[in-house]
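Order of writing sets the chain letters: A, B and C. Residues in each chain are counted from 1.
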Amino acid sequence: MTDMQSQTAYLQDFEKPVTLTGLKQIWRDRIVLDVPALTLLPGRRYALLGANGSGKSTLMKMLSERLTANYGQIGYLPQKPYNFALNVSHNISLGIPQGLGLSADEKNASIQKQLDALNLTELSACRGNRLSGGEAQKMALARLLVIPRKILLLDEPTSSLDLNSLAQAEAALTDYLSQNNSLLVLATHQLSVARRLCDEMIFLDQGQILALGPISGLMDPSRNSRLSLFLRYEHGMNSIE
Amino acid sequence: MTTFESVFAAFASGDGELYKILGLTVCMTLLSTGFSVLTGFPAGAVLASLSFPGKKLLRRIIQTCMGLPPVVAGLFVFLLLSRRGPMGSLQLLFSLPAMVIAQFILIFPIVTSLTLAAIESRQKAINQTISTLGLPRYKKYLLLLWECRGSLLTVVLTGFGRSLSEVGAVMMVGGNIQGKTRVMTTAIMLETSKGNFGAAIALGLVLLILAFLVNVIANHFQEAQND
Amino acid sequence: MKTKQIFITRARKTGALMVVLLLALLPACSQAASVSTTNTSAAVTAQSTTAATTAAVTDAALTPAETSAAVTKPANPVVRLSTTTSVNDSGLLPVLEKVFESSTGYDLQIIANGTGAAIKLGESGDADVLLVHAKASEEAFVDAGYGMERIPFMHNYFVIAGAAADKAKVADCKDAISAFKAIAASQATFISRGDDSGTNKAELALWKSAGVTPSGDWYVSAGKGMGPCLTMAGEMQAYILTDKATYLATKAQTELVICLGESDDLKNTYSLIAVNPDKNPGVNTQGAQAWIDFMLSDPARAIITDFGTKEYGEPLFFYDGAPS
């Protein structure tokens, strides 16, 4: 692993906070996203919360485009990742970019590590497009975690996972984040996952950021009213848990 | 080979002339389809992935070329390779390479256009997943082509069928020379002009059987993939 | 909501437009079809490669009475003439057709093929009258009862054309048989029709007389019509047996020269044969006879003997008229 870590110097460093401005998108007279500015700090873990249609995926997509332009290769997991008709190991290997100077053994080792961590070892020879929804999601996650990156953008990475798989995924992710100190933006509507993994939260409602701050702010009685509405309807939280 | 029966007798006995015609047909078809696929697949993949000014216009042009009249392509190649033409010194007129060139001009736009259509449907989803991961360009194109391999097989078959059935351009630039450029379609034309309609029909049937066999083999591969 | 309504209307408009276009095309197509049949002769004449010859000859052939007379249309106006590609490629037929159609009111439809298919069309009743030049096949056709009688009415000569360089020294030969021997001996490239046509049969007969079985890379069996074969000979700078008419018509483009001209063993006779209604009841016997009568008449003689003189300085065909 140390060999790999020394290679991360090649992946552009993300040391200073970055502010992205003008994150706007309009689709047929409807404002999908309207975020004038957003600042992200390295090493922090942000939970992007919001109802369906609030603009989460649009924001994630835009972040991936802007951050790739600034920092080279980042890890972006779209909401519906594509599963290639190759075996699972090969699918995961797509996450390893060229030019890292890794030997075949090192590559195989990191692929194997992810297979084990996410309990996909038995499926390693199966075709990627023949997996169940949950297995495919784990594979997509493994593809991102196979090499250390400084930025991870995950759009609903755990929506199809059962409790067992969810625990594995969270463990793998936590491991990765602590080892690499990467920035994480996790778009999810699973509040429990957000609370376990993230320390900051961004609440998006109808394309606009209505709340931004530490994750403890979700419990704050003085939180944004729309946020309260969201929490109540999405998670049946009538009062502060 | 003047009657219906004599054609099949020639087929069974391994008659030199008929097998020469068949051999030339297969050669020409494989070469022209092969070249078209080798250039058309990457062209279609690149066109599907890149966006540049004038992309729409280029697409329209290629799609129009799909319907290029074969005699026009034949005439163009003929004038190009004619003794008085710009490439006359190569003495390629009335040869197999000339036929392959004319067919390539006809089939390349078809393959490119259909590949473009096949890939476009999946291109967005695939790109979203791997665009940030740092894969080299050529690998991305290979992945695109691999993922669409089902449709692409149909594209190959389309190109192949087009090549097999071409007669006008092939007659013009090939010359229907016995033993050198006589292929199944031009042989059928010859027998028809001689009045040997029975033989012409028999040759036509052989051609159909050939096309059918190719389709059977291709479908076998497709089914194997789907398992 | 709003966008949906607009979309539906737009789709309906496009659909309506397409339907209107299709409906407009239908009458236009049928119009074009009827126009084309009445204008066949004019169109074909305009496209003829010997347009200049045509104009001059037609004026000479028409008498004042014929031009102004209104001709009554016969009961079955369509006459199908089956002929060979070499006759067609010479450009003679459209000239005759125009005069025939205006003086008789018939609509002549010319179908050109290789000799074999041309005769087959007579056997199947897909033609009413033949104009071919393959004596043996013609006699077999009549003997089998498919044709009424064989009327040889004009002739011309085959020539051996080739590159100006004349590698095999054909120009020094005194007749076709020795020329063919010379070509075989020097293995100079020779283009054969290879399609059982009248020209092809004549060529094969000459090889036989010369005692040569032509084979090898130098002997190219092309399987095409006379015009395309001449083009190929021009491209490959090869020898070829051709009728003079087609040779002259393509001379400028092929750049071939006549190495051996009129020789007795190169005579090529053209015949008219009316298809026998006994074997094929549906044929237009009156029309066929009208065409044959026309071809044996003075106006036709004038056209044929004149054809090519203005353009090439010599006639392409020699008119014999009805056999005595």
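Here is the rule we go by: a contact is a pair of C-beta atoms (placed from the backbone, for glycine too) under 8 Å apart; a residue touches a chain by one contact, two chains touch by 3 or more.
None of these values were measured; they are calculated from a predicted model.
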{"item": "Relative to chain A, chain with the most remote C-alpha centre", "value": "C"}
{"item": "Central subunit by CA centre of mass proxy", "value": "B"}
{"item": "Between chain B and chain A, distance of the C-alpha-averaged centres to the nearest whole Å", "value": "46"}
{"item": "Chain B-chain C separation of Cα centroids, rounded to whole Å", "value": "34"}
{"item": "Distance from the mean Cα position of chain C to that of chain A, given in whole angstrom", "value": "78"}
{"item": "Of chain B, residues touching chain C in the complex", "value": "82-83, 93-94, 171, 175-180, 182, 186-187, 190, 192-197"}
{"item": "Chain A - residues contacting chain B, complex", "value": "61, 64, 68, 72-78, 80-82, 84-86, 94-95, 97-98, 140, 143-144"}
{"item": "In the complex, chain B residues that touch chain A", "value": "122, 125-126, 128-136, 139, 143, 146-147, 149"}
{"item": "Sites on chain C touched by chain B in the complex", "value": "85, 113-114, 116-121, 194-196, 220-225, 228, 232, 234-237"}
